[in-house]
Amino acid sequence: MIEIFLQGILLGGLYTLFALGQSLMFGVMRLTNTAQGDFIILGAFAVVAGTALAGGAPFAVALAVLPLAFGFGYALQRYVLNGTLGKDPLPSLVVTFGLSIVIQNLLLELFSADPRSIETGGLNTQGLALGESLSLGVLPLVILAIAVAATAGLQWLFARTALGRSFRAVSDDREIAELMGLDAKKVYAFATAIAFVLIAVAGALQGMRTTVSPSDGPLLLLFAFEAVIIGGMGSFWGTLAGAMILGITQQIGFRLDPGWGIWVGHIVFLIVLVLRPQGLFPKTRG
Amino acid sequence: MMSALLEAHGLQAFYGDAQALFGIDLSLAQGELVAIIGANGAGKSTLLKCLTGLVRTPREAVRFKGEAIGGLPPGEIVKRGLAMVPEGRRLFPSLSVEENLLIGGLAGRKGPWNLQRLYGLFPILAEKRHNPGTELSGGQQQMVALGRALMSNPELLLCDELSLGLAPIVIREIYAAMPAITGEGMTVVIVEQDLTMAQRVSQRIYCLQEGRVSLAGRSDALSREQISQAYFGI
Amino acid sequence: MTRNPPLAASTTPVAFDVVRSTVASRAALGVAVALAVLAATLPFWGESSWMREFVEIACYLIFAIMWNLLAGYGGMVSIGQQAFFGFGGYVMLMLGNFAGVNPFIAIPLGALAAAAIAVPVSFVAFRLSGGYFAIGTWVIAEVFRLSFANVSAVGGGSGTTLTALRGIERATRESVTYWMALACVVAAIALVYLFLRSKRGLALLAIRDNEVAAESQGIPVVRMKLAVYVVAAFGAGLAGALYFVGNLRISPDAAFSVNWTAFAIFMVVIGGIGRIEGPLVGALIFWALNKFLSDYGTWYLLGLGLLAIVVTIFFKQGLWGYAQQRWGWSLFPTQRVLADGERVPGR
């Protein structure tokens, strides 16, 4: 029983990384990125390709991808997504959905449908023994640590820095924020840039932990989304909590029957949605 | 004649197809405190929004320190020294009092106004500096909104309906801060529904009626009947 | 911000006549009726491959029209309508295989079942709004898919065949399927058109433009949204049941694939959201692209994705909407035109 719990927590660490970028983008500019999962997979494949080109050193390649992701996210928001923002959710939805299709098919063309993974020299099979019967994977523990660090980092960024203040200001009242001299277009671009760094990290870790294939994206999007909703919007720690809960419920489901793991996660999500639509740990906004 | 700090010529403004301003002429001299009065819907807020770039106007329609600034984005205008206290205060709910004030200073202009000075002017804000802005009373929120605009050290401060929704004693408290603000030569425009206060604190008055200037003159030279007539358009 | 108050048809001064059709649209109606009659005769002179293709395109079209109703007029963007598509298909199949119901009769029954299940689904889905509503509906569709994939009576993950039509001769089956498809398309278009022209349609537009104001006018917003959701589910279920009668084989991945919604989005966005002609134009373009480019597989889909992105950013009204704005074309006027030519707001 406790093993399910711990495995769920570890899985939750990964889901946190899937979800943080989504939480950030929605929090700052009410934009729903339906290509979130596909960008994560794109990040994973970028590291796969980079590692193949470099002949190894996956962690160095992953680090090198991060600034690229930052620039890509900034440009994407500035020149494509900024034009879709507004009261109507449809344009941003269609554009990100279109991007999802483009990415999936581009990856199919470049890499074929075969699953790939990032070789980490056996890191993904190493385990840490806890007592006689329990063993936790090293990589999942690393992922959990990174997830907690990322959450704390984002929370700190939002609460204590000038950039975080500008995120909160444009999200509260874009017009008055611009009156203060903030360029909302650039602030949004920064937010997406940071989100994409998180996406790249998530992608690299996913590729190290397991195999990735071009059509994996949508499922990751759903996990990210469920984590955000269960946890409650407006709070990064809430997203982490939601991710943990999702991970645990999925693990319970997997133990009952391998075919039902993800289904159980979906059902718990729907139940939370019906009973407490604001999420379990929402940040109340003025 | 003194060169005007701000001039508007034939200023027109539209919301979609609806015309809100029909050719406003306005001029403000350095150091003045001017009141703009008028009934609801007369166009007072629209006028201020035109001056700060929130509503589009032709480039030449507004001149600030000789430069044509009509239609520039608000960020550009605040950098040039024009700041606004918006109607309804519009503090950022996710930011504390102090953070709201700090955001005001983003434009980075140098000048006498900073956090310390503001806390000196409005001591209650220092007490509540870490509270969310929206947890304060109406009058205190107005102080924050005013302080936020002052943090950008503007040369021209526009105040849209400072007294809205506030009790008379609170209104007096807010306006008691005016001398400290104008004392160093800042030019101030107040949009007011409170005619008594407007006439008392200002040197000149413009009255708007249905998008046009219906009366302009020195505050001490205008009679109550004149103002009422211009206000209601009778 | 001041706004001109919208003119309500019922308070229009006597001096004007509110005219709803133009000469062009009346001519178009005549042409459409003639086309429908002509199309009905196809089984007697056309090839069976044409009929099969028509059935397939009919399903895409009906699904797109219903998605358009939901998103463009109901203001609810859903990525999960495939839940009802697949549900309609499976119910049809179960009625046909297990209850001995004639599959052609089971088509509208499947649609009704989809409409029925839309009610409890809405209790969950309506908790969300905007972009999150969209993804939430996708989760619900996934629940449908995973659920049916675990029911062995209908073949579980690999699906099963529609056995109820085994006894019928192929040519007859194809003809009847074709006529059903034709009838369903006509019915779907008529249903949506009449709905939108009615007072309910006007109420929908009011809700879409400003929900709070509509509520204060006494319009029962939640009930109207539920009504639109149920109608859209009915249409999706109809398309699904029809599709699998034509296809004869069903599987969870095919029935509940998000591609159905993806294609509907492309058709509607490229044609023009919120206009009745939009899905029609979009379906034609889609069919043409499909015909000539689908051999290119991934590049074709990639191109579709790019096209949708470009159209959304640069042609916000879709290509038909652009034409309507530019040249004033209109086949299905739901816009009320004052008789002296001045347009009244409301699309």
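A, B and C are the chain letters, set down in written order, and residue numbers restart from 1 in every chain.
Just so we're on the same page, contacts are C-beta pairs under 8 Å (C-beta built on N, C-alpha and C of every residue); 3 or more make two chains touch, one makes a residue touch a chain.
These numbers come from a predicted model, not from an experiment.
By number of C-beta pairs in contact, chains A-C lead all other pairings. When every chain is reduced to the mean of its CA atoms, the largest separation from subunit A belongs to B. Every chain gets a centre from its CA atoms, and the centre nearest the mean of all protein CA atoms is that of A.
Taking each chain's centre as the mean of its C-alpha atoms, subunit A lies 33 Å from subunit C.
Between subunit A and subunit B the centroid-to-centroid distance comes to 44 Å (mean Cα coordinates, whole Å). For the pair subunit B and subunit C, the distance between mean C-alpha positions equals 52 Å.
Contact residues on subunit C toward subunit A in their complex (touch as defined above): 71, 77, 79, 123-124, 127-128, 130-132, 134-136, 138-140, 142-143, 146-147, 149-150, 258, 262, 265, 269, 273, 298-299, 301-302, 304-306, 308-309, 312-313, 316.
For subunit B in complex with subunit A, the touching residues are 52, 54, 73-75, 78-79, 84, 86, 90, 92-95, 99, 102-104, 106-108, 132-135, 148, 152.
Those residues of subunit A lying in contact with subunit C across their complex are 26, 30-32, 34, 80, 83-84, 89-95, 97-102, 104-106, 108-109, 218, 221-222, 225-226, 229, 259-260, 262-263, 266-267, 269-270, 273-274, 277.
Here subunit A touches subunit B in the complex through residues 162, 165-166, 168-169, 171-173, 175-183, 285-286, going by the rule given at the top.
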